[in-house]
Amino acid sequence: MIENIPFFCAGLLVLIGLAVIVTKRDLIKMVMGLALVEAGVNLLLVATGYISGGVAPIFTNAPSTEMVMATVQAMTLTNIVIGIATTALLLSFVMVISRKYGTRDVTEMRRLKE
Amino acid sequence: MIAETLYTGFGAWNPIVWLIALAVALLFAWFIQRLGEPDIPGEGESGKSYISGNDEPSPEDGHIGGSNLYWGFTEAMKGYYARVVPLHTGCLTDYVLWFLGTFALLFILIGVI
Amino acid sequence: MNMSNLVRSGANILMPFILVYGFYIVVHGHLTPGGGFQGGAVIATAVVLLMVAYSYENVRASVSKHVLKNSETAGLLLFIGTALLALTAGLAFFGNWLLDLGVIFGTPVAFGVNPGDINTGGIIPVLNIAVGIEVLGAMGLLLLAMLGGLKGDAE
Amino acid sequence: MMDFIIANAPALLIALPMLGAFALPLVGRLGDTPRNAWVLGVALITFVIAALLAWTVLSGGPVLYTFGAASPADAIPADSGGIPIRIVFTVDAMSAFMAVFASFVGLVTCLYSVASERRSSGKDGYYALMLLLLVGILGMVCTGDLFNFFVFLEINSLAGAALVAYRIDKGVSVEAGLKYGFLSTLAGLMVLYAIALLYGQYDSLNMAVIASRMSYTMLDKVALALFVAGLALKAGAVPMHFWTPDAYSMAPGAVTAFLVVASQAGLYGLFRILFSVYGLTLSYVTVGWAVIILGVLSMFVGVSMAIPQKDVKRLMAYHAVSQSGYMLLGVGVGLVVLGDAAAMDAFGRTAMEGGIFHIVNHAMYKGLLFLTAGAIFLQTGTRNLNKMGGLGHSMKWTMLFFIIGALAIAGIPPFNGFASKLMIYESVFAFSPVIAVIAMVVSILTLASFVKVFHAIFMGPEQPKYEGVGEVPKPMLAAMAVLAIMTILMGVFPEQIVTTVIAPAADALIDQGAYVATVLGGI
């Protein structure tokens, strides 16, 4: 049971992130909610590769014991990089919008509809 | 290169045959048009278009804009459009909610819950 | 609007350490935790430190966007070029054509527990350095644009 | 040289546009003409490589390309225990088909941009993003690795969102870009969550390995729901289509035409996951009906929302939603009868061929229509149908291309829309007559709405306010002409296209065993 806690935490983080996205009206907070979802996915990825008692997967440091899975860590790093690019892009959109519209409220950001 | 017939399992479709038929039909149309009066009315009073004795409208008034077309259709479907158009709120939160709702429906349909 | 003397002196002292640490993480990416992206991000924090200590206007004069943009382009081209060179060596795309060649980064890896030799890894350190150059340019540009107030296009 | 290119075609397909995009800041410094030549050259070479790759795949079977290996075909290293550990590009007939027409549309839209963006600033970034979007699409359709698929999906989303927001236009297009970027990122993260669930169970990211080990547990069902929801959002299926009209209406014409292909790459991902990764293990009747329902909803809601629109590009965007419904319908019917060999031979295969044929047809005629809309916007400065009129007097060529596109999308013979729609109607009629009737009604409504657009833009007396409006520059006309010629050719020779390209693509989707065997060897 105790070893499954990271997986539950990952699911919980995703749900918290979705709740933030849905309930908050400030665009910056919505982007933060998206970052929370991403953090949850990252946690799930890292947790799938963990072996209890494993060492860091560096070839020259490894004694002949078990190493944790390196693939998921590479995937997590990639996703962090992608996440930074996404967050930066979305935040710069929010900057432009708040300057042009004078508000960051998502319910005011409705010039495109029907 | 001659187009082969496309068999759809139940019927067939050959564009070349269709194009030949179209060409023949156009030939007939052209022939019939030739039987008509070749002259067009000249300048002056006879050249003007006759709209029940009213003056010809200016170019701005003479064109029917996009919104006026299919007015009857949208009017007849008013009940439908009154429900569907307001769904497109333009609000990002609603978009996310629709996504999550579809996701929940798929969950039930696929049989997770 | 400059910060107090204390903050500026602190930034001056910390600056070389941040840069050295960033470059260390970049170059040792194949031996220790870290790598191009992490090291590049550390170097880019130096830009933030400068901007906190001095004002945006002063920083913009010394850290030019042009240089950052060029380093971004150079890093990306180095990355893709290294990967493409593998094709000329008869390997697949991203094939490790420097491995075990004996020249730079080409020493075979020793077995057993050892502190690690920086002269191993083939093209992996090269790719790390390329990513490091790219990331410090891109992040620096991003931070300059965001903290300074973006005028024109996105990114 | 030729052998070298063919042997490394899948890698060059990704590497060349990437190199082109990264070198643009350097090339752009030389001036406008070298930059245009560079972009067009890179796009052209990419298209040629994609065509060579497709020729190799269609004549010699699927192509494997292992990144970082000693030899590209060496997917399974000797010491790996029989599983591929590297990123393997698995290019079968379906992938090659998508890659060819995606790079074709990329070339055409770059050609169009040369003229349509000639007066705007920031062209380095614009073309770099166009090429990156091309990279994202090509990577998505070629890769055989799930995480790699996610990475290219994100490249696709980010480049697309940045392109939508590129012309700020008082902030409105940034609003559209934000919506597009936010939703596609959310969908991408859902896809990544599903990938993590699959990886945790099957210890591999390779689609073929996962397919061979798939046991359809509870976690697989969760992953399936995440995949379908996320990728259907990327494809713009109702009820997750709301970003489509926003993003498509605000982006420049060339970008919109390319975004259509970008969302079709999402559709490809959906089909690939459903057929090649899950295949017969999933409850294909239920999931197939889910896809059909998404398709029918998309068709009907899309076209009915299009009719009262006043913005010409918004109207066309709703038609894009409606047309992707046809593809979902055709392939969904194929999925429902996946386990029933008799029904599959009777109508399922035809339905899938129709759906897949519709993908390329839609890319051609919808691209053409968006390009004409962009041309009209460029010359008149408005997208409002109520303010336009009488442009047929001054923009004769654009009008001709618009007519071709409109007739094709409405399914009027002899244009290409008719051939694929006919295949969908007839096969779906054998499956469920009611849905076939809905599909035909939607087609009629499509024609009706394009008659409205045609009348509003081109018909009527010449308007005094558009006196100085002339024809658009030649590169834009050339881009539209190329797409129009393709629309006609594919309509006049449908059988050749279907037998040489579409049928192998449909078979590649249906035959999951062949896909697995391509990577893992005969099992």
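Things to note:
We call the chains A, B, C and D, going by the order they appear; numbering starts again at 1 in every chain.
The criterion applied here is as follows: contacts are C-beta pairs under 8 Å (C-beta built on N, C-alpha and C of every residue); 3 or more make two chains touch, one makes a residue touch a chain.
From a predicted model like this one, the values you see are computed outputs, not experimental measurements.
Among the pairs A-C and B-D, the greater number of C-beta contacts is found at B-D. Inter-chain spacing, taken between the CA centroids of subunit B and subunit D, is 24 Å. Each chain gets a centre from the mean of its Cα atoms; for subunit B and subunit C, those two points are 56 Å apart.
Centre-to-centre, using mean CA coordinates, subunit C is 36 Å away from subunit D. Annotation for subunit B: residues 85, 88, 90, 92, 96 touch two or more other chains. Residue positions of subunit A touching 2 or more other chains: 21, 30, 89, 93, 96, 109, 111-112, 114. In subunit D, the residues touching two or more other chains are 162, 165, 168, 174, 177-179, 182, 186, 245-246. If touching chains are joined by edges, the resulting network of the protein chains shown has some other shape, matching none of path, cycle, star or complete graph. Under the contact rule defined at the top, the touching pairs of chains are A-B, A-C, A-D, B-D, C-D. The touching residues of subunit B, counted against subunit D in their complex, run 1, 3-11, 13, 15-16, 18-19, 22, 59-60, 62-67, 69-70, 73-74, 77, 80-81, 84-85, 88, 90, 92, 94-96, 98-99, 101-103, 106-107, 109-112.
Those residues of subunit D whose C-beta lies close enough to touch subunit A in the complex are 147, 151, 154, 157-158, 161-162, 165, 168, 170-172, 174-179, 181-182, 185-186, 189, 192-193, 196-197, 199-200, 205, 245-246, 249-250, 309.
The part of subunit C that touches subunit A in the complex is made up of residues 31-33, 35, 37, 109-110, 112-116, 142, 145-146, 149-150, 154-155. Per the touch definition, subunit A reaches subunit D in the complex via residues 14, 21, 27, 30-31, 34, 37-38, 40-41, 44-45, 48, 71-72, 75, 78-79, 82, 85-86, 89-90, 93-94, 96-97, 99-101, 109, 111-112, 114.
Only residues 56, 58-63, 77, 81, 88-89, 91-93, 95-96 of subunit A touch subunit C when the two sit together in their complex.
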